[in-house]
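Structures follow.
Presented sequentially are two complexes of chain A, the first with chain B as partner and the second with chain C.
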Partner chain A sequence: ARPAGRMARAEPPAAAFERRVLRSAAEHHYLRVRLELPDGGARPSVAQFKQLVVSALRELHGEVGAALPVDVLTYEEKTLSAILRVVSSGLVKLWSALTLLGFYQNRRCAFRVLQVKPCGAGWLPPNVSSRSKVVW
Partner chain B sequence: AALSCRYVLCEVVSEDPRCRQCIEDRAVGLAVRDAVGRVHGDYGLACCSISFTVKYLNAYTGTVLLRCRKDSYRLLCSALPFVRQLESRNQRYPCSLNTLHVGGTIRTCQKFLIQYNRRQLLMLLQNCTNEEERRCVQKSLLSCSLTEEQSQSGDEEDDDGPE
Partner chain C sequence: TYYVFTFLVGYSAVALNHVIDFKEKKQEIIKPVSPSELFPSLPIVQGTSKRIKVLTRLTLVVSDPSHCNLLRSTSANIRLYDIIAVFPKTEKLFHIACTTLDVDLVCINVTEKLPFYFRRPPVNMAIDRGIYFELLYTPAIKDSTMRRYTISNAISLMQICKGKNIVISSAAERPLELRGPYDVANLGLLFGLSESEAKAAVSTNCRATMLHGETRKSACGVVYTVKKPRKVEEEETTLPACKKAKTEA
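So, the complex of A and B:
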């Protein structure tokens, strides 16, 4: 899906959604996500971010969900955006868990899933390849 | 059979004989649902809770019959090994659940249970230490059978009242 450009501060545009179906089954899916903390406060470090993702999975999908191999490939603390990688069979569990997460350290939060792709090539920042070591 | 259910037959195994007094529907139901919640989270718990109930139990043999939807019986069965204890009236005892059989109707589970109990009695017979026990066990063995009742209409198949 094409990103809808940098989100303007003024008013988020109506969500444009584009879906392309790739026939060949991919091993991993990549999600570009952004964490929103409307009430401000301390930003999570990359370890805390990963912990948050795992705890979201644990809440919605239990120990089985928490054991899903999810990797944080990139993380930007300033903007709270990250690229996550998950085994394709776990995409639905991860996406649903992120969607339903409402609180981080007793503060309201929301995960915005901006893009989902089965193939990381040509999309990750140039110095991160799909086989690179994970950040966390 | 639009709303199919699955009936899971299991037995409670415990080293502590006092665990028997905790084998009651509320305690077992809570323990199973707690295990499903831990292993499969809110989603799994909600899925399995639809039409979930403890249909039958026998505290003397530790046999428990659970019912759930066909769509979620795998979630239920995979969580049963994670039941660690039964709690009732502020008493808790460690135990585990062995799955014996999964069937589509109560009748198939009942047939299986009769065969299973017969085999258990045979094993008990082999391990009898005195003549008195031997005679008791033999009497029980000879009286095992499934008696056909006249009124079969209210029998399982699709047990889907609002629950």
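So, the complex of A and C:
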């Protein structure tokens, strides 16, 4: 039995935020990339951009790499930046293929991977969510 | 503007490399160009308030044991470089570089098939001495045959050294050939490193190499005192107990 003189313990104040940790691995990973083409030549269209990504995968990882499901969710031709979506198991393959790409149609280029996220929400604009429609 | 680019990509320290190939005649080690002469003002690292560090580095391409004499001799100009790397071309030189030479980095050839296989004893000795193995990634960007050699040489190195003491660096000659630190760490995954080892190959191990170079520059010798054990005076030889019993009995 509790001694009579003891005061009832004060309740801790209610938490101001709640933290949720999702243990299951994300299905897709999203990469924000930018293609750098310093020579002032023609900029690739979205179809050519997708073809460039697939050919980079094919050069490094062969036909199996080229068959990796990669989607271009957004594409800005002016800045040559895009948001790509890939299955999480293929993230390392896609990222390494983009890193080691050096030429686009015999023009020197470089891919800069700006952001990699496992979830589709929370981007700085241009916004994209996991339910975004595929552009190409 | 080349180094400005490196800070845009996300690095905090850059080493300017000077390669000396002993096959060509009349190679002298010149004084390194002081970074303050080249860049009057250095940009600030992204996210911090410190400036980029620019170091000087010397790479010696050795294909003959006599080329190593340069390292052994206390040439004044060699000491001015922050990091010293050696690029051995034969197995014997690789062994010498790992075990006795006073260097910070041993470069691993990525542009052609390795002429020798790595063996565990010299590699383990190098790891104990604090020497790091360096892999380059820019040749892999330029050419597809180089890509194969880079990955195959890296994988054979990983099998022997188990991912320890690896540094991945670029031999970039143009700003476009540089890749960001996370991209390079991802390449480490391709070579067979684990995630933490790959990240260390770009950050922790590079910093350790810098410190190794600094200690190499500063320390010339160590003096320490040892307490000499007192000489025990010889007592009369006494027979051990078991023998005593036998003689008495």
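Note that in this section the second predicted complex is superposed on the first by the 107 of 136 C-alpha atoms of A that agree within 3 Å, B and C clash if a C-alpha of one lies under 4 Å from a C-alpha of the other, contacts with A are read in each partner's own complex, and residues count from 1 in each chain.
We take it that a contact is a pair of C-beta atoms (placed from the backbone, for glycine too) under 8 Å apart; a residue touches a chain by one contact, two chains touch by 3 or more.
Computed from a predicted model, the values in this text were never measured in an experiment.
Comparing chain B with chain C, the partner in contact with more residues of chain A is C.
Once chain A of one complex is fitted onto chain A of the other, the partner contacts of A:112 are limited to chain C, with no touch recorded for chain B. Using the contact criterion defined above for the overlaid structures, shared-chain residue A:30 touches neither chain B nor chain C, since it reaches no partner. When the two complexes are overlaid on their common chain A, residue A:60 makes contact with chain B and with chain C alike.
Of the two partner chains placed by the overlay, neither chain B nor chain C lies in contact with A:75. Once chain A of one complex is fitted onto chain A of the other, the partner contacts of A:99 are limited to chain C, with no touch recorded for chain B.
Contacts of A:49 after superposition on the shared chain: neither chain B nor chain C is touched. By the touch criterion defined above, A:38 lies against chain C but remains apart from chain B after alignment on the C-alpha atoms of chain A. Residues common to the contacts of chain A with chain B and with chain C across the two structures: 59-60, 96. Of all the residues in chain C, the ones that touch chain A in their complex are 9, 137, 140-142, 144, 147, 174, 176-180, 182-184, 186-187, 189-190. Remark: chain A residues 57-65, 96 touch chain B in the complex.
The residues of chain B lying in touch with chain A in their complex are 36-44.
The touching residues of chain A, when paired with chain C in their complex, are 36, 38, 59-60, 92, 95-96, 98-102, 108-110, 112-113, 116.
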